[in-house]
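Structure, as structure tokens:
Letters A, B, C and D name the chains as they come in the text, with residue numbers starting at 1 for each one.
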Amino acid sequence: MEKVNVGVLGATGMVGQNYIRLLAGHPWFRVTLVAASPASAGKKYAEAVAGRWLMEEDIPAEVRDLVVTDASDVARARGKCAFVFSAVALDKAATRAVEEEYAAAEIPVVSNNSAHRGTADVPVLIPEINPQHLEILEAQKRRLGTKKGIIVVKPNCSVQSYMAPIHALRKAGAAVSEAIVTTMQGVSGAGYPGNASMDLIDNILPLIKGEEEKSELEPQKIFGTVSGNAIAADTSINISAHCNRVPVVDGHTACVSLKFAGKAPSLDEIKRIWETFRAEPQELGLPFAPERPIIVREEIDRPQPRRDRNADKGMAVSVGRLRPCNVFDIRFVGLSHNTVRGAAGGGILNAEILKAKGYL
Amino acid sequence: MEKVNVGVLGATGMVGQNYIRLLAGHPWFRVTLVAASPASAGKKYAEAVAGRWLMEEDIPAEVRDLVVTDASDVARARGKCAFVFSAVALDKAATRAVEEEYAAAEIPVVSNNSAHRGTADVPVLIPEINPQHLEILEAQKRRLGTKKGIIVVKPNCSVQSYMAPIHALRKAGAAVSEAIVTTMQGVSGAGYPGNASMDLIDNILPLIKGEEEKSELEPQKIFGTVSGNAIAADTSINISAHCNRVPVVDGHTACVSLKFAGKAPSLDEIKRIWETFRAEPQELGLPFAPERPIIVREEIDRPQPRRDRNADKGMAVSVGRLRPCNVFDIRFVGLSHNTVRGAAGGGILNAEILKAKGYL
Amino acid sequence: MEKVNVGVLGATGMVGQNYIRLLAGHPWFRVTLVAASPASAGKKYAEAVAGRWLMEEDIPAEVRDLVVTDASDVARARGKCAFVFSAVALDKAATRAVEEEYAAAEIPVVSNNSAHRGTADVPVLIPEINPQHLEILEAQKRRLGTKKGIIVVKPNCSVQSYMAPIHALRKAGAAVSEAIVTTMQGVSGAGYPGNASMDLIDNILPLIKGEEEKSELEPQKIFGTVSGNAIAADTSINISAHCNRVPVVDGHTACVSLKFAGKAPSLDEIKRIWETFRAEPQELGLPFAPERPIIVREEIDRPQPRRDRNADKGMAVSVGRLRPCNVFDIRFVGLSHNTVRGAAGGGILNAEILKAKGYL
Amino acid sequence: MEKVNVGVLGATGMVGQNYIRLLAGHPWFRVTLVAASPASAGKKYAEAVAGRWLMEEDIPAEVRDLVVTDASDVARARGKCAFVFSAVALDKAATRAVEEEYAAAEIPVVSNNSAHRGTADVPVLIPEINPQHLEILEAQKRRLGTKKGIIVVKPNCSVQSYMAPIHALRKAGAAVSEAIVTTMQGVSGAGYPGNASMDLIDNILPLIKGEEEKSELEPQKIFGTVSGNAIAADTSINISAHCNRVPVVDGHTACVSLKFAGKAPSLDEIKRIWETFRAEPQELGLPFAPERPIIVREEIDRPQPRRDRNADKGMAVSVGRLRPCNVFDIRFVGLSHNTVRGAAGGGILNAEILKAKGYL
């Protein structure tokens, strides 16, 4: 199979750098376009990120000399790539506009931004959970007046640590009705420079602006159903989130308490459900799909961010400490890598399933 | 008023060192006995802790040259002190035994240990919440066959960040029925050496052994009622706790979600209840009593451990982020200093109220 | 004695906040002017710093309602204060200009900025080391055409951990000729937000821009001699500095290796020199003067930043690990509090000696 | 080529676990013996390390079920492996004894321990620097009365960050005569549990017991010459070391100041020397040999531990900030991975060169 040319919008920022890093050597995709702000446009990529390349690996050789284009100049992208990953750092309205311009130019957009998560016909995609939402894309294309120009977004990084475990239970027939979640999130989730070091040495921050709202609302859309031209939220599940920033580089940990609408499965049954959970990305053998989407740790003190975030290349969710709850039914701890599964890696998996299903 | 002579059992450990530090210059108490393990007995205190003095302040001059006695040698304590603070580091059964021996020798015991927290006639005391539990001491003395020998304990450090806020609401008539709590606890709570640095750099530990059970059970006893020879637990409140160890030196943060049995007070009313909450320690003007037991922070991102743990000499609980909960009724963040209010400082306040009420 | 009215330029920044915090309750000085950028001018101080007050203590009551003035509006300061502390955050040329304007308006300037450290007739003052440099102020006033308008600056925070120990040796007759120093500096030295948390979790930064040059050059001026209208650098001492940023909030640690021009004193003699070192601030009994400018720690693993930075209210330098060096003559570790002795506290001590000597 | 069977002594400790982790999939070696203390003997490896497996990767499948033997039972090792890696955790005398017993049993020992570093006929091997020291092994075998039983050790982890850069300069003709080094060492260097978290949050420790002596003495032996039955130290180079423990998981950073006996090479020349430095491991194409033993970072603020420790699988030394020194001749910062190049990875490279040269 010949590799597909792809572009990265916002290629010089931290999420963009993660795309560049993770796409190096990708079996299906090859980066041919790097777009960023006008300040970077015209420079070679290596020059544009000089002094602010944040990855541990060096800049991939094949991207170093690509000339950065202006992300708002959609015409420059035409012909250069089959689709784009969007990690532009604009305000919400501008993000929505530029992503629609790319779609209008028949360049599909696989986005990390929150701007379109509330748009009724834009799927908020976790390939293991709601690939059936992609059928809304026909309606979306009608609205946009495009043939293949589409917009697909991924959810906020904070939800990745508890969505797959909850979904696996729902799929197995256990209706989760209420969830109280407290997250302890790594600082890379705030981008760079993000939080000041003075705020996170011998300290934690009990607030991440806007994060709790996203952590509560997005799951209802992801669990929702396509209905005409919109995805209708599933309000049978009610989530409350406390979101904290902690002195951890990568990895979002979630302490989760769940209540079921009916009878709760036994702890053994839940473990079995999680361990055997597989979904479309696994069946399709997508390159970035983790072998096991949910890894159950048996040690009494796992998962831990530094020790578990890289599980299955950073794409699996690790769970542990499953135990009964004396207020709700069960409790557990979930963990995922926020800049891999929760950001660029999740975006790449979205592109892979779109490609496998013929949307790209 | 002449100062009362006091002893510290387990004086060389970290909690003991905190007692020594905090009692320096105390207006009512003077340390005249320092007792520890046989290995330390016979040495001057400064020698006994050489190379393992962990406080930022230097060893108080008046304690440096006290000769350490063997904590198990109760006879040596007689006449040397009017009561003892117990921070012995023995197993549960041995702790229970040694504390009862001191009481039997008519030396009251103000304890930090968990050993007697389950004993039916031993009050688990937070002076702002359940000073009325001290009436059980008559029954306890009958059981022990003592005239003034008593045992009073303090609760686990993890509960201090949410007990006062919940109690203030209950006292004002708002019946909290369910609480789901996630704690992020500082490493000093594990004593020294406690957790390995490898476990807490770029990492958090999602387990503190035995901590969740204490965090759930002790509140029911503290909120309980004296009934004959026992304190009967209040099971109308049901608590679920996730306890985590985080890279913070001092300070336990709690993310708390509360449900009320009846109608929930408004957020404004709750703030007013907390801000105006005062109790017996404040009325009695006890030296270690915080002026305001609960400090409401109005900033959107407080309380934070490093910035709020020392509020009112480390004896106040700071709360913030009060907001509605879409699963329960309300949510907030509570914070207290685990080695001051949650350990030695709390023990000293217990001794002060016992003294003020004539028990010492 | 009636309190002297003082102003703080750059009062809303981190150094300025430290001045506000440390001047609360000062026996000689009272803050009557808070000046900052035009953006803050006109607001009450508490409003101006709302959401960015970084101190652990709350804003002092007597400053909360002071109306912030524009620091560049020198006329507004006249009559409001007898002198100003300068912590303005402008570029070097602008800082030099505004400080000279205050001096020209006969308002003495006690500055934390580096801008005037290279000006020939401006003393870089450490009161225990070079109070005799104040005699240059006559020449400075002649240049500025002022009667009492003067500018006095303090050195860079990085030098505070090794200057007093080296000076005490020189004063005792041991001529230090070469020093190789490696510093490990706390993040508060970079101001707020300063370094990104991503850069200082599980990491250190081996560069602080411009810091090594200051750490090498400023000591030569501080040890210099007044000669006509200039302070002539003492080039008989040669210093090389490696400056690193480490994950510590406050406290600059320095690993120091020293070579003497002649015979090296014995280690015992050096300890005695350090322990008995006293200077003019101690003799004058200045309020912020540490009782012992140099505290010798005998423990094998001290000084440590968290445990020693607050020694004598953060104004003393702690030294330890004195031992022979197999390349130079001796080695030791020095430590001081960068935002107290190394910034606002050092500035206040400068003002105190100026006041005591009749310059303010 | 058929794989060689190898044993790991001290296989359950942290260095041992690193051997197990790094040897998984090694092209030449296969672990067939895991030996530890009597407490672990008889258990399967996975059981023996249950609850204390510290690596991020899971236990390699091929080692999980190996039955742990008692490391002091040399007879049990015979026939099971061609040589052993020694990471036993005994006192110095016992370590020397057990390593000699293995050698006496004709099982070569590739050791991480410091016990034999001072033994005159035991090479302290860094394969890029002193492979010629292996010729001493003939004398060593004569002393031990063995045919192939030998002991080869690796140096202390702290020296790895500056030895290769200094050696490359010496090899190119620039005689380094004096070095003053300050290290900032990651906590994994202390093993597990190692340093308490209370000591390394918002703090650094300015002492690592015994580390400075090793950092100063071992280089003189490594740079020494084989002379009869002993390796004679090279005392023409004189090193002084300050060793600090910092809040970093992995990676030892060294701030190095160098003086040359003769004329110093230019900075450009030094860079060229470092960048082009290759040695026997590279020429032999050893599996664990880094392609470039010294990687020169051009960024102004590198190397940094988290970003550079994994360079070339953790086997390369990264250097940066090369600049003139106003006391000595030059200064730079060196960095290497202490548990890979500085421990198990370095031991494996030692075994590889021994194998390639026919000693195993």
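Convention: a residue touches a chain if its C-beta (ideal position, glycine included) is under 8 Å from a C-beta of that chain, and two chains touch if they have at least 3 such contacts.
Keep in mind it's a predicted model, so treat the numbers as computed, not measured.
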Fill in the blank from the handout: Larger contact count among B-D and A-B belongs to A-B
Practice task
Tell me, please, which chain's centre (mean of its C-alpha atoms) is farthest from the centre of chain B?
Solution key: D
Practice task
Please work out the Cα centroid separation of chain A and chain D, and write it as a whole number of Å.
Solution key: 41
Problem - Chain centre separation (chain B, chain D; CA means) in Å - result: 48
Fill in the blank from the handout: Cα centre of chain A to Cα centre of chain B, whole Å, reads 43
Fill in the blank from the handout: By the touch definition above, chain D meets two or more other chains at residues 199, 201-202, 247-249, 300, 306-307
Completion exercise
The chain C residues in contact with chain A across the complex are 54, 187-188, 192-202, 247-249
Handout entry: Footprint of chain C on chain B - complex, ascending
Key = 51, 56, 201-202, 249, 299-300, 306-307, 310
Practice task
Could you pull out which chain B residues touch chain A in their complex?
Solution key: 178-180, 182, 184, 199, 201-207, 216, 238-240, 242, 244, 246-249, 253, 255, 257, 300-307, 320-321, 325-328, 331, 333
